[in-house]
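In the two complexes below, subunit A is the common chain; its partner is subunit B in one and subunit C in the other.
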Partner chain A sequence: MSEVLKIETILSDDEVNINIIGQIDEDSNFSKILEISKNIYILNLQEVTLINSCGVREWINFIEKIPKNSKIIYTNVPQIVVEQMNMVKGFLRNNDEIAAFYAPYYNETSDRIVSILLKTNQIIDEKAPTMKDDTGEELEFDAIEAQYFNFIKQQGS
Partner chain B sequence: MNNYTLYDTLFNAVTVLDTKGKILYSNHYFSILFKMSPRVIKKINTIFELFNGKGEFPNAIFERVINEPGSYVSEEIELQINELDTQCTVVIKFTSLEDKNILVCFNDISIETKLHSKYRTQLSELKNSHLQILQADKLATIGELSAGISHEISNPLTIAAGNIEIIEVLILEEKLKNEDLIKDSIRDVVESHNRITSIILNMKSFLRQQTEEEEEEREYCNLEEVILDSIKFTNPSFKKHNIKIVQNFSKKDIVALINRTKILQVLVNLLSNALDILVEYKIKDPKLEIEIVRNRDDNLLEIRVADNGPGIPTQDKSEIFKSFFTTKAIGEGTGLGLSIATQIIEAHQGVLLLEKTNIGASFLIQLPSIEIQSYTQSEIMQRARTVSKNDTIKIMVLDNEVKILNIFNKIFENEGIIFLGSANGYDALEVLENINVDLIITDYIMPHLSGLEFSKKVRELDINCPILYLSTESNKGILNRDRDELGIEGIILKPFSKEGVLKAIYQALKNKKEL
Partner chain C sequence: MKIYLNTPEIPELMTELDNHPSKTVENIEWVNDTSQADIRIYDHSLWRDAKGLETDILVSGMNDEFNILKLLAEKPCYNLIGKNDNYVREINQVIRTVKDKNNWNSSLFFGEYINSYNFSFNSSCEVKKELNNILDNINYEKNFKSSVDIVRLLSNELLMNAFYHNKSATADRTSNVLLEKPVIFELGLNNQGILIKVTDTNGGIQFEKLLDSLIRGFKEKTPRKKEGESAGGAGLGLYFIFKMANQTILNVTKDKGTEIICVVDANKRYKEYMARVSSLLFFRSIK
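What follows is the complex of A and B.
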């Protein structure tokens, strides 16, 4: 049995904040979220450690059960989830939004890859924003922009 | 400019190598598979560097595709991805391109491998749970029948106690010369002991949990004996409530190929259900009828268990075979009996039905005839051993004794032989009209149709395969008589060994081939 997915929820008037922690795979159970009924679901994926193709299937099944007139806002989306969002149709619904996601940048001096949290509205014309490290050195975006930011096109207005 | 950018649209990880293994191109999914950015991949010179320390690159296939242009697929390869300790399983396809470079396509089957392993584990757990449920059902049945069983045991115990008292009195009064009375008393004690032992052994045998191998085993059994065992089990309870059991066995020698313990469980279940209903509804002149029929038209063996109770209510008829459905009060029934019975019968390629009746409830078990069952089972077993169809030979064995059929079943198990067992010459002839066999072994002395009469009828059907007799030393002379007239190839003498049987079979087949 894989590492059990943990789901933490914090309810407020019109919205629910949900932390998804662990692996999204064939054993994942999202029923705890489906028991809640709110207009806005804020999904924090910061601590998702793995997502495989079976997990994607479970995810899509779950997302389709959330009322269409409710909005899902994704935040702190890790690279592994961004890659799935880019590959799989139906991962994002039309009126859902990705508020913030992690993108890989490379520091040539230290030869290190760093994950930087970007806001979706920072991406203009599929161009990665210029980022600098603590020393002021410019970092290089370490993926193919057109492919990495493809998911943004899937978002509705 | 090359055409490799077309591969950007593929969902598989793809790279193009030159004949030295240098990476000329890789797509986005190659980057995702190896968890390396395009910048890092650009720094890697050859594919061998990429695999270094991560997995075994299929060098032999790479060499082959260079020297013999075409498409080649590797075996499954385990890859260690990056420093993340992530393991993945891939299959790699190498294809030579027109420009002499090599297209390498990676198929990531990690999920399939993991799910398969999970499936095997869960299936094993399910099988264990199933065995436990079967066992629980047996225990529940014993529990329900315990009142009758203990009543049945107390009777011989009382008789034994009474007789021992008689002997004690005779000893005290020094009347030991009354030998007849002493002998009678001792005999009664022994009989009581035997009866109790039989009841206990019956229970032990019923309750014994079969191993996984035993669960799958089938043996030739006399169906009447199995039914009588089930009646023996439940009879104490029926007697206690004055319920009459009517046995209607039209033929005495009906043989079935079954897991004896499991079919016993089904029968005890049906009898036990009937008992409960007849007792609960206080039926006047309660009766249970058990019938065995050989349905020749459909090649079936049928067992009918019918009571004269109130019958199954219409609204329950479609529910009674479902798991956990019960009409009993909570704690009085598991509701699993009929669903387990159904599973057992279906595992025998049979059906368990509730028949339409005017009075009471009538359950019908239909099982395929032993000829069909043995043929099907044997063929499945040989296929599982991936024995080529051309290598298998089909042999029919006709013998009215079930233990002989079971011996042959064991002999042929691992020999690539498809075995059709039959206990009745007329049934065997019907099967031979539809299935070609390579050889027939027939017992010589049988009721209804002897081996000689059977062989004559086989030849009348224009079936020319070799026939071997099965008989004792005293009948050895018949071979000379029947060899010319009926083409009897030989005789297997009882008692026989596996080696002797196989030798006779292969000799007969060889003789036939040479003709």
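What follows is the complex of A and C.
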């Protein structure tokens, strides 16, 4: 067995906040989430470290079991999950939403790439928003916009 | 060595191949007749003229999906070179390997390692327990920040593939697989990039099955459903591997086993990595 995927849930009236921590793979078990019934599921993927091909299958099987009239909102989606969303069909259900995700930006002065959390509504016409570092220096979006933001089209599709 | 070249930029590519620092085959004779050639190099736009021989090299800067579904699905090729920064070096590497009767040589392709790591895994359970610890202790300073995630995914998929496909294509992926001979995992780093190699002496995978899996991955882009009690693979592992590496190389050595090698080129910029078009190479060493 791989390191067990950790799932933390915080319930409130109409929604559940869920932190998913660790590796999503063939051993992942989402039954803890499926035991809950809410109108809104907010999935925080910040601490997902890997999702392999079998993990993608477990993921899709899991979200297909969440009632269709419930909404899933994804937040803090790391780059490795964005990459999988862009490679795989069915990762997102119709009417689900990605609220925020990480994107790479390049700092020319320090010659480093930094991960910046973007809100999906900041992406207009597939253009990355202008971001600056703490000193006010403008950063360069370090991906190909049409490729990186492709997953956004899957929302509400 | 006699080489036939059929690309739109014939004179420029000839000059580049003749003058490239990685050139290791001297006395190339450029011929106009495919029947006289030891190796034939085609651009994607002229692949229709190729016979799909083992000594054909297809150079295609289109995209991965086009290369697999439009080119290789219709006419398989053992030497697909995509558009990475070093594609002229890649062509030279393939020429040299074909000249050496397909004896693939990692130091020829990749150069000498500055750092290398070598592990044997006897069971799939051991992989799941140990792999992350191994990868967390490696310095990826010559690559962009998220390359550690890419290496983690490539390593995971390559190793799981080696264990479970030896057991059975329908083996439950949550079960522990113990093989007769260990699967060897090797990771090397140098100024050129990161090389990940998994060697399987239990059986390995055939090129035709690898290509079928890629074709399925690009066509469907969805995981295979589980059937009954047998989970089997999701049918996307090799698709992920090909999509995420600069080069994917399958090297089969008679009576010894199969190596699958992935190379992630050294690159500080994620954007440049994303702009690549992947290469797929298949060698059959005889030593």
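Heads up, the rule we're going with is that the second predicted complex is superposed on the first by the 156 of 157 C-alpha atoms of A that agree within 3 Å, B and C clash if a C-alpha of one lies under 4 Å from a C-alpha of the other, contacts with A are read in each partner's own complex, and residues count from 1 in each chain.
Please note the rule applied: a residue touches a chain if its C-beta (ideal position, glycine included) is under 8 Å from a C-beta of that chain, and two chains touch if they have at least 3 such contacts.
The structure presented is a predicted model; accordingly, all values stated were derived computationally and were not measured.
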#### Entry: Clash or fit (per the criteria above) of subunit B with subunit C on subunit A
clash
### Query
In the superposed arrangement, which partner chain does A:26 touch: subunit B (first), subunit C (second), both, or neither?
both
### Query
Is A:60 touching the first partner subunit B, the second partner subunit C, both, or neither of them?
second
### Task
With the two complexes superposed on chain A, say which partner A:15 touches: subunit B (first), subunit C (second), both, or neither.
neither
### Query
Which holds for A:133: it touches subunit B only (first), subunit C only (second), both, or neither?
neither
### Query
Looking at subunit A, which partner touches more of its residues: subunit C or subunit B?
C
### Query
What is the contact status of A:115 with respect to subunit B (first) and subunit C (second): first, second, both, or neither?
second
#### Entry: Partner chain in contact with A:89 - subunit B first, subunit C second, else both or neither
second
### Message
Just to be sure I read the superposition right, which of the two partners does A:144 touch: subunit B = first, subunit C = second, or both, or neither?
### Response
both
### Task
Residue by residue on subunit A, keep only those touching subunit B in one complex and subunit C in the other, then list them.
26, 52-54, 83, 87, 104, 106, 113, 142-144, 147
#### Entry: subunit B-touching residues of subunit A, taken from the complex the two chains share
26, 52-54, 83, 87, 104, 106, 113, 140, 142-144, 147
### Summary
Counting only contacts in the complex, subunit A reaches subunit C at residues 1-3, 23, 25-27, 49-50, 52-54, 56-57, 60-61, 79-80, 83, 87-90, 104, 106, 111-115, 141-144, 147-148
### Message
Per the contact definition, I'd like the list of subunit B residues that touch subunit A in the complex.
### Response
11, 28, 31-32, 37-39, 110-111, 115, 118
### Task
Using the touch definition up top, name the residues of subunit C that touch subunit A in the complex.
125, 128-129, 132, 144-146, 149, 152-153, 156-157, 160, 173-174, 220-226, 231, 233-237, 239-240, 243-244, 268-271, 274-275
